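Going by the order they are written in, the chains are A, B and C; count residues from 1 in each one.
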Amino acid sequence: MNFIQIVDYVGTFAFAISGIRLASAKQFDWFGAYVVGFVTAIGGGTARDLLLDVTPFWMTQPSYLIITGLALIFVLISGKWLIRLSNTFFIFDTIGLGLFVVVGIEKSLEAGFPFWVAIVMGMITGSVGGITRDILINEEPLIFRKDIYALACVFGGIVFYFCTILHLNAEFTQFIAALSVIIMRVVAVKFHLGLPVLKGEN
Amino acid sequence: MNFIQIVDYVGTFAFAISGIRLASAKQFDWFGAYVVGFVTAIGGGTARDLLLDVTPFWMTQPSYLIITGLALIFVLISGKWLIRLSNTFFIFDTIGLGLFVVVGIEKSLEAGFPFWVAIVMGMITGSVGGITRDILINEEPLIFRKDIYALACVFGGIVFYFCTILHLNAEFTQFIAALSVIIMRVVAVKFHLGLPVLKGEN
Amino acid sequence: MNFIQIVDYVGTFAFAISGIRLASAKQFDWFGAYVVGFVTAIGGGTARDLLLDVTPFWMTQPSYLIITGLALIFVLISGKWLIRLSNTFFIFDTIGLGLFVVVGIEKSLEAGFPFWVAIVMGMITGSVGGITRDILINEEPLIFRKDIYALACVFGGIVFYFCTILHLNAEFTQFIAALSVIIMRVVAVKFHLGLPVLKGEN
């Protein structure tokens, strides 16, 4: 198990927790919460793999089902105490996001798609899980309104692109791109930065 | 037309009815109700087939479109009288569920996936149709809160697995697995059994 | 760039505008509105391509991302003035719909599917974008309740079928089929025609 894999599992755990917590706020039962947690964790990568026409990643090894199970147990045990951990989870979640984006980009390039497709796939990998979670709990997807989330994914993709143009080392490129996503998201949340809202006609 | 196919069509009919009835409660027009009924009936198998990367089953023969049409006509004709049939539909629906789970498991194993994937696909085949129905009518998916539904699918999958380990006859395995789903669901509804609810922080 | 392509781009632009406008009514931020506009424009064709197991069309050329960007800029610039253009957009949107249906039918026939599948795919191409848009903004899909939309797609498909049986010229068939969709939709909206509503039991 290498470093990338550990970060991937940590990100999966954090994404699953976010799904389980929101499902619990809606009074879902244990199994429903598990399903929402799982879909949150694997939804983005699954959408990406279907679009790229490769076998969805979680169908090749049971780790993701198991990690979601651990996330459910963790939520059940920790109870109210979990709320105090919000900041910790925000960090895990954001690190996971950075990695998910990088994995999405790499998989798309390996499948032979051009860079602009890879950037879109990076964003899809990072954000479709959260969108599906919000649809399942019947809420408007948060990411369309709060903070800078999907845009941080795109930003990371663009950084990845420029690193590639500059022929930087592959590992370094991955690291810088993931870090860009993380920094942009942390800065946006810390300083309450957001995109302007489209003024509707109503 | 063999026995399996008849049960498959009966299950499709019952699933379509459930979609059409819920759409009618939301004042959808005839065509909208037809679409919701169709998606309820074929949604699970379609999700499974996309994940397994095989041609969605309903695209290989028009029977499923036709059965949904019959279901719509049936709802239109029967009117208020349909409510009294609720118990009958519950039985059809549950028998359909049992079969859908078994079909989902078999198709996944044939496609060369390991058993744990097949169990997940059995659950997806049985439950994604109802989840999509609830998303289309803009309600929280029922199965995450009421009775034991998705869990009955998983239980049937585990029974299927043990029958396979014991080298039981294929038809017998199918029968026992489908029956397990049906019994677990009937018992859960009859005795109002449900999973514990996750206590949310709100 | 031939005539078909121009119509395709105009339709994409009109579909994207409809997504962006509805997102703005829900106070989505610029990027959220862009995503909703994009999904509205490409959702139908993407669902079709996933079901047909071909590469989603928008992943082969960046035009659709760019056109959605132009649509966002257009909405930002035009402001309140856009409301007065509603009728113009209705025409663009409907012309786009007619073309999307024809493209959906042709792609399915090329992929070797029978005609009844092609008609369903024509409808999916024309209507899934709007359905996904409504799910993302957490509203009941409009097309299930208002005007004749999905049914116009099916009608166009049936006209396409009869033109094919009569061995009419391919371009002429496309034109007549698209025109049938457009006329049926315009007539339905102009005379407030709709399908009967299914009376629910509640």
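One rule holds for everything that comes next: contacts are C-beta pairs under 8 Å (C-beta built on N, C-alpha and C of every residue); 3 or more make two chains touch, one makes a residue touch a chain.
What you see is a predicted model, and the numbers here were worked out from it, not measured in a lab.
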{"item": "Interface residue identity across copies chain A, chain C - same or different by half", "value": "different"}
{"item": "Copies chain A and chain B - rotation angle from C-alpha fit, nearest 5 degrees", "value": "120"}
{"item": "Where chain A and chain C are represented by their mean Cα positions, the distance between them in whole Å", "value": "30"}
{"item": "Chain C, residues touching no fewer than two other chains", "value": "50, 53, 135, 138"}
{"item": "Sites on chain C touched by chain A in the complex", "value": "20-21, 23-33, 35-36, 46, 50, 53, 55-56, 59, 62, 65, 75-76, 79-80, 82-83, 135-138"}
{"item": "Residues of chain A touching chain C in the complex", "value": "50-51, 53, 113, 116-117, 120, 131, 135, 138-141, 143-145, 148, 150-151, 194-202"}
